[in-house]
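Worksheet for the structure shown next.
Naming follows writing order (A, B and C), and every chain is counted from residue 1.
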Amino acid sequence: MSGVIVTRGLVKRFGRLRAVDGIDLDVRAGDIYGFLGANGSGKTTTVRMLLGLVLPTSGEIELLGGRMPRAGRRVLPRVGSLIEGPAAYGHLSGRENLALLDASGPGGSWRTRRQRIAEVLDQVGLAGVGRRPVKAYSLGMRQRLGLAAALLRRPELLVLDEPTNGLDPQGIAEVRELLLDLHRGGTTVFLSSHLLAEVEQLCSRVGVLDRGRLVLQDQMATLTAPTGATVVHTPTPDRVRATLDGRVTAIDGERVIVRGDDPAEVNALLVGAGVPVTGLALQRPTLEQVVLTATGASSDRVEADR
Amino acid sequence: MILVELRKMFRRPRTWATIAVLNALPILVAVLLVLTDLAPRPGEGPPFLSAVLSNGTLYPLAALAIVLPLFLPIAVAVIAGDSIAGEAQAGTLRYLLTRPAGRTRLLVAKLVAVMLFVVVAVLVVAVVGYVVGTTMFHAQPIGGTVIGGTGGTSFSGTSLTPQDITNRTLMGIGYVAVSMLGVAAFGLFFSTLTESPLGATMGVLAVLVSSSLLFTLDAASPIAPYLPTRYWLSFVDFFRDPIQWRDITRGLSLQAVYVGVLLTAAWANFTTKDVTS
Amino acid sequence: MRWSVVGVLVVLLASLPALIGALPVSDAAVSAHDLRAAVLASRTVAFSGYAESAGGLALPVTDQLTSVADLFSDRTTMRVWWRGPTDNRVDVVTATGETGTHTGTGGSWTWEYERATATRVAATPLALPAPPDLLPTALGRRLLSEATDAELTRIGARRVAGRDALGLRLTPAEKASSVRRVDVWVDRASGLPLQVQVLGTEGSRTALDTRFLDLDLATPSARTTAFSPPPGAAVRVGKEAEVVLEAGRRIEPVPLPATLVGLPRRHLDGVPAAIGLYGRGVTLLTVAPLPERLSDGLYDSLVQSPAAIVDDTSVRVAAGPVGLMLVEPPDEDPYILTGTVTLDALAAAAARLPGLGSAR
């Protein structure tokens, strides 16, 4: 099957609280999947269930074709993950941390270990860090080390929970480049985040979680597809309405929404009538608008952490 | 996996600090004994301590007897309580499990590492005790009966050859190590219940303190044979002649039962619990 | 599912002692008379074992006799190797050492590990109570030695030290006795008493309970019971019993009544004439004059006991079935009455005594 992560009716109850309430994820090979949700919407619990850390109350999880958590030993070596921030043994160096983690499970040959560690440290920008113990690392360096650990075995799937936490803008850009680079190499990326902008910039597919329910899941291209209207920027909106009587659906300051999915045709009409046009574009909804529509009244919580 | 755990534990400064603290008290006691030459009065103080002034080769046992009631269990409780809970608190547990290290395998590796710590700690105390004993006290030669060696007297008043003393000391060390395995099992079990290593350690100490307290209470005598600390001091029974196996075998089986039950419980809990740390 | 494995394991292990305890005990139709005879004949049966005695007797006595007092109030654990009455060894085991008594034909060696001292004591007709006397075998034989058939009944069997033990109950006939009853459980195969329980008339607590935890009927090796002082040990000769007897001999004999509170006077070899022994079996009463210097200290410690009954000239106190009374008449020397009789019987006996003289 082509599904990299498939869940059916996934439910997790903590006592009386349904933290995750029947979600059906569908992440396909080659996706950069953006998993959006407010803090407390069940994102982290879902990620932990995917990786076998939290056991589902009911429902099924398939990860790389294996039923989790039973197939964990077979499929997890092919998955790299970063869950709720990095963690390492403070008294050891980054290099030793990676070596110990790599030796703790199957699928990482000790013959290639030194080389792989050197490569991933280089990849995340920690090549020159030396033998410094991790407790002397900055937050950003720890985040990079966590990424390095996730990349250590060239995974087919990366599950990343808030990977840019603690990074400066420069670092965020670097990580974004790295992820796109990996994606071009064939890695599927599952990116859990509450940052709309991050998801909008990176992802090819989006799922939105709201209070334990998956309220939206689709291709980014579909969600932000043209609405069949054209946006006209003009200093004289009244003249647009006069010219295209009946086709104007909304006027917002100098921004006029005109029915019709051919900006060239709209432009020709307006220019023909001598209306000044300063800007012209196909109308596309922003991801924010899509999410707001999908999550309804509670959606302000998504924005609260921005 | 086991090697990984051992590397983690023995590369940790805290492990060695614990062992160092463990040895501080016996060394202090030895120095005070040498300086003052005041042996404890008969029937008081830890076993063997009154005998070491005349025979320093018994100091490993005296050292073990000194640390056995409190220091050794605390050290084992600290290390064992830290085993799973420490990884949970540091957050490394989730990465180990998604590596995947396998929950049962991780538990077994932790168990082996803690057991090895117990053995190393007991051995270090014994070796340091031996060095201290033979350098600071007389290694008493027994005139005529044993040529070129040192012997000693058993509790029962029979003479023991150096070979006997060595064998019995080794058995005593082994017995103490097994007694501590029960503590380690408690630590490992509590460690799977909580995300706080301190909480797990405190849990173990609470069990041990209650057990020691109940042991002194006549009203609790019906349950006394089942208390985990009941047979701890039975390692002195190796120095009776003939060796008194009764309490030793009971102590060993009791520890085996505790270790078996607690490890099964630890396994049942750890393999079915949600790791949310 | 996994937790149920744990549950099953815990239930199984927790019920194991109860299951073993519930193993059926087989009784046998042996009469009380025959059972007593078997006990008295068991002196020469060789065995080795591990015994524990727990005394509920808190004797309020002075410092001089603390070791005897401890014997009856503490929990004492003993290892025994018994080849015969004159070849045996009893070790009192403590957490930090042990005190072993090796008895041979000419006397006994007592080895105290913590003092590194070996004490040689010659065989005497009378000795102070020592831990070996608390072994179920020794105590059982002693308590049954003067019992009559009328006092004995059979009670059910029980399992002691993993062996079938037949029960024998001794209820003293004497009215003055403070012992309600003595229960002895006797090994069916060898006649060895395996457990002895003494109950006083006051309260329901067992005054003394001594039992074997392990028993092996194989003859122990002679090497185990033999003793020679190890190198470096202090060797001394013990004379405590002689000192006590000597003190008793120096007391001037006084005329004592032939019976006291219904108990006839009796004579034992080696006991000085000034000391009066009365009674039989488990009901015994001793009357002895006491030097004034001893009596003052004893009086002070007795009156502090919360259970003490004090009147103008005397104080009496009971510790389990053992009663102790100290009389200090105004113009005469003090004397002491003690034994396994009730406090009322002690007072009645004291009232019947003539003035006693003491050694000067």
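Just so it is clear, a contact is a pair of C-beta atoms (placed from the backbone, for glycine too) under 8 Å apart; a residue touches a chain by one contact, two chains touch by 3 or more.
Since this is a predicted model, take the numbers as computed values, not measurements.
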- Are any chains cut off from the rest when subunit B is left out, and what groups are there? A | C
- Based on Cα centres, what is the most central chain? B
- Would you identify the chain whose Cα-based centre sits farthest away from the centre of subunit B? A
- Item | Centre-to-centre distance between subunit B and subunit A (centres being mean Cα positions), rounded to whole Å | 51
- Where the CA atoms of subunit A average out and where those of subunit C average out, how many Å apart are those spots? 85
- Note on the structure: Distance between the CA centroids of subunit B and subunit C (whole Å) is 39
- Message: By the touch rule stated above, which residues of subunit A touch at least two different other chains?
- Response: none
- Message: Quick check on subunit B: which residues sit in contact with 2+ other chains?
- Response: 272
- Item | subunit B partner contacts - residues on subunit C that touch it in the complex | 2-3, 5-6, 9-10, 13, 50, 79, 91, 93-98, 100, 111-116, 118, 213-214, 224, 227, 229-233
- Once bound in the complex, which stretches of subunit B touch subunit C? 42-47, 50, 54, 140, 142-143, 145, 153, 155-159, 233, 236, 240, 242, 244, 246, 257, 260-261, 264-265, 267-269, 271-272
- Per the touch rule above, subunit B residues touching subunit A in the complex are 1, 3-4, 7-8, 11-13, 90-92, 94-102, 106, 272, 274-276
- Residue ranges of subunit A touching subunit B (in the complex, touch as defined): 48, 51-55, 72-73, 76-77, 79, 81, 83-92, 100-101, 103-106, 149
